[in-house]
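Shared chain: chain A. Partners: chain B in the first complex, chain C in the second.
Entry: the complex of A and B
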């Protein structure tokens, strides 16, 4: 006698399709999870850069530094400040600051692990000149730089208004 | 005697395997979601503590930048340690939660959560619990 057995099949087309949809959904959920973690990490790093850029700029344009006459003996520099009083630039301080070695400046300003670019600019956007030299220092960010943050502050240099531009980047 | 042909519903091995497999998959998913949830809570705590650290760092710089004698009163929600030797503020004595201290002439102090007083004394920033 011939008997026809119909057995339940696990690997039916329906099961394969549903399993595939399920796997796609799960992958999407995990991708979203990992994306959020990356976003949070980025946000924390940008916050750190923001803190550094803002505080360093404030110290540069609002304090005379520590010690007050650090420009007379740069080896004693503790905190870099470029003004004689609130936002009034002192030429000797800015000249010494620009002449400081890049890595020493990074260390003194506590910029690590980021890079920086500093410039004293005219109102029209051009780099100002002090004693015939362009008043800028550091490394300009390029197209491959990941995060770039620039802080600008109006200052007085002599009787002229200028802009201090401080960029921190990675 | 009446013979009855009783046909019982049968749970096949295949069905049991599928149910078992699905149960295992869901168990793994719930495990991973639980782990992620813990990660999110940890990140939230980290952000809260770091925000507090940044606030303290900002207040110290602010006190330094203002005229001598200025007193800033504020409140911190976590314990904090100020270490001017390495220019760092750490929160709850955790090595992973820290922020930069831009001023070196500041008190080397451990603060307990609560009210704090920050004072600029002759270009030295004195920080203590109020």
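Entry: the complex of A and C
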């Protein structure tokens, strides 16, 4: 009877210690995982934003858009493109693009659910002017913006080198 | 002694501790793997963007200068100054133009950073076909 009693005590102590260690470690794993869950989500979002920004800028600087002369009738616009040929900006396209309504642009460029800011800049960094107006559109990211990605592409506007700056943020 | 241990069932107790140690090691490995993989994922994102940006920049600069006929002089200093005018300050670029009877190149030492490199055929106003090779890297 005494022997059985001792056996049970040792087994219980052993179980309690191992269960405690197990619980501590499991808690640690869950704590680490939940902490990094946000980072994983962020990472997936950044990758998505990165891909969108690269594809959109590629489209803007290398394609005339669909239909090719969309700037003549904006209501028929399917895909926006800003050039007459590879990296040569067409003034009428960029003017119409800047005048497009913000949400329409987001929808046509499939930017949702992110926000964007677009600017045509001089080599020295200042915003270029077209017909006296600064060539920019969209909403600039602010201090509370979470993920901000900017892609810069060099283009020709007439004979001058300019930079298309496209920022996607949330 | 062994008989005594057996009687007190201490052997069973030791097994329990070894089992706990197993869990500790396994969980420790899992946690380390988790942290390292997350760190690598987040680093890859940053790298991808800067490398893609660098590759596009190199391609853009050469295309735009070619369309603007800035390579046609086939003069090392003129071409270098044209490139430096559009090249962002934190980048360096090296080029080598091989024409039929001439080779023009600027010899800038490159670094151990990632180098975006490619080739392009340019045609001068005198209908001379030249092969342009270029390397662009972050300073």
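One rule holds for everything that comes next: the second predicted complex is superposed on the first by the 142 of 170 C-alpha atoms of A that agree within 3 Å, B and C clash if a C-alpha of one lies under 4 Å from a C-alpha of the other, contacts with A are read in each partner's own complex, and residues count from 1 in each chain.
Here, contacts are C-beta pairs under 8 Å (C-beta built on N, C-alpha and C of every residue); 3 or more make two chains touch, one makes a residue touch a chain.
Not measured: the values here are computed from a predicted model.
Q: For A:40, select first, second, both or neither according to whether it touches chain B, chain C, the two together, or no partner.
A: A:40 sits against chain B and chain C alike.
Q: Return first, second, both or neither, reflecting whether A:26 touches chain B, chain C, both chains, or no partner chain.
A: Both: A:26 reaches chain B and chain C.
Q: Name the chain, either chain B or chain C, that contacts more residues of chain A.
A: C
Q: For A:48, is the partner it touches chain B (first), chain C (second), both, or none of the two (neither)?
A: first
Q: By the touch definition at the top of the document, which applies to A:56: first (chain B), second (chain C), both, or neither?
A: After superposition on chain A, A:56 lies in contact with chain B alone.
Q: Between chain B (first) and chain C (second), which, if any, makes contact with A:14: first, second, both or neither?
A: second
Q: Would you sort A:66 into first (chain B), second (chain C), both or neither based on which partner it touches?
A: first
Q: Which chain A residues are contacted by chain C in one complex and by chain B in the other?
A: 7, 10, 15, 26, 33, 40, 47
Q: Touching residues of chain B toward chain A in the complex: what are they?
A: Residues of chain B touching chain A: 12, 14-15, 17-18, 29, 32, 36, 39, 43, 47, 50, 54, 57-58, 61, 64-65, 87, 99-105, 123.
Q: Hey, which residues of chain A end up touching chain B in the complex?
A: 7-10, 15, 26, 30, 33, 37, 40, 44, 47-48, 51-52, 55-56, 58-59, 62-63, 66, 68, 78-79, 110
Q: If we count contacts the way the header does, which residues on chain A are in touch with chain C in the complex?
A: Residues of chain A touching chain C: 3, 6-7, 10-11, 13-15, 17-18, 21-22, 25-26, 28-29, 32-33, 36, 39-40, 42-43, 46-47, 50, 54, 57, 61, 86-88, 123, 149, 151-156, 159, 161.
Q: Quick check on the complex: what are the chain C residues that touch chain A?
A: Touching chain A from chain C are residues 7-10, 12-13, 16-17, 19-20, 23-24, 27-28, 30-31, 34-35, 38, 41-42, 45, 48-49, 52-53, 56-57, 60-61, 63-65, 67-68, 85-86.
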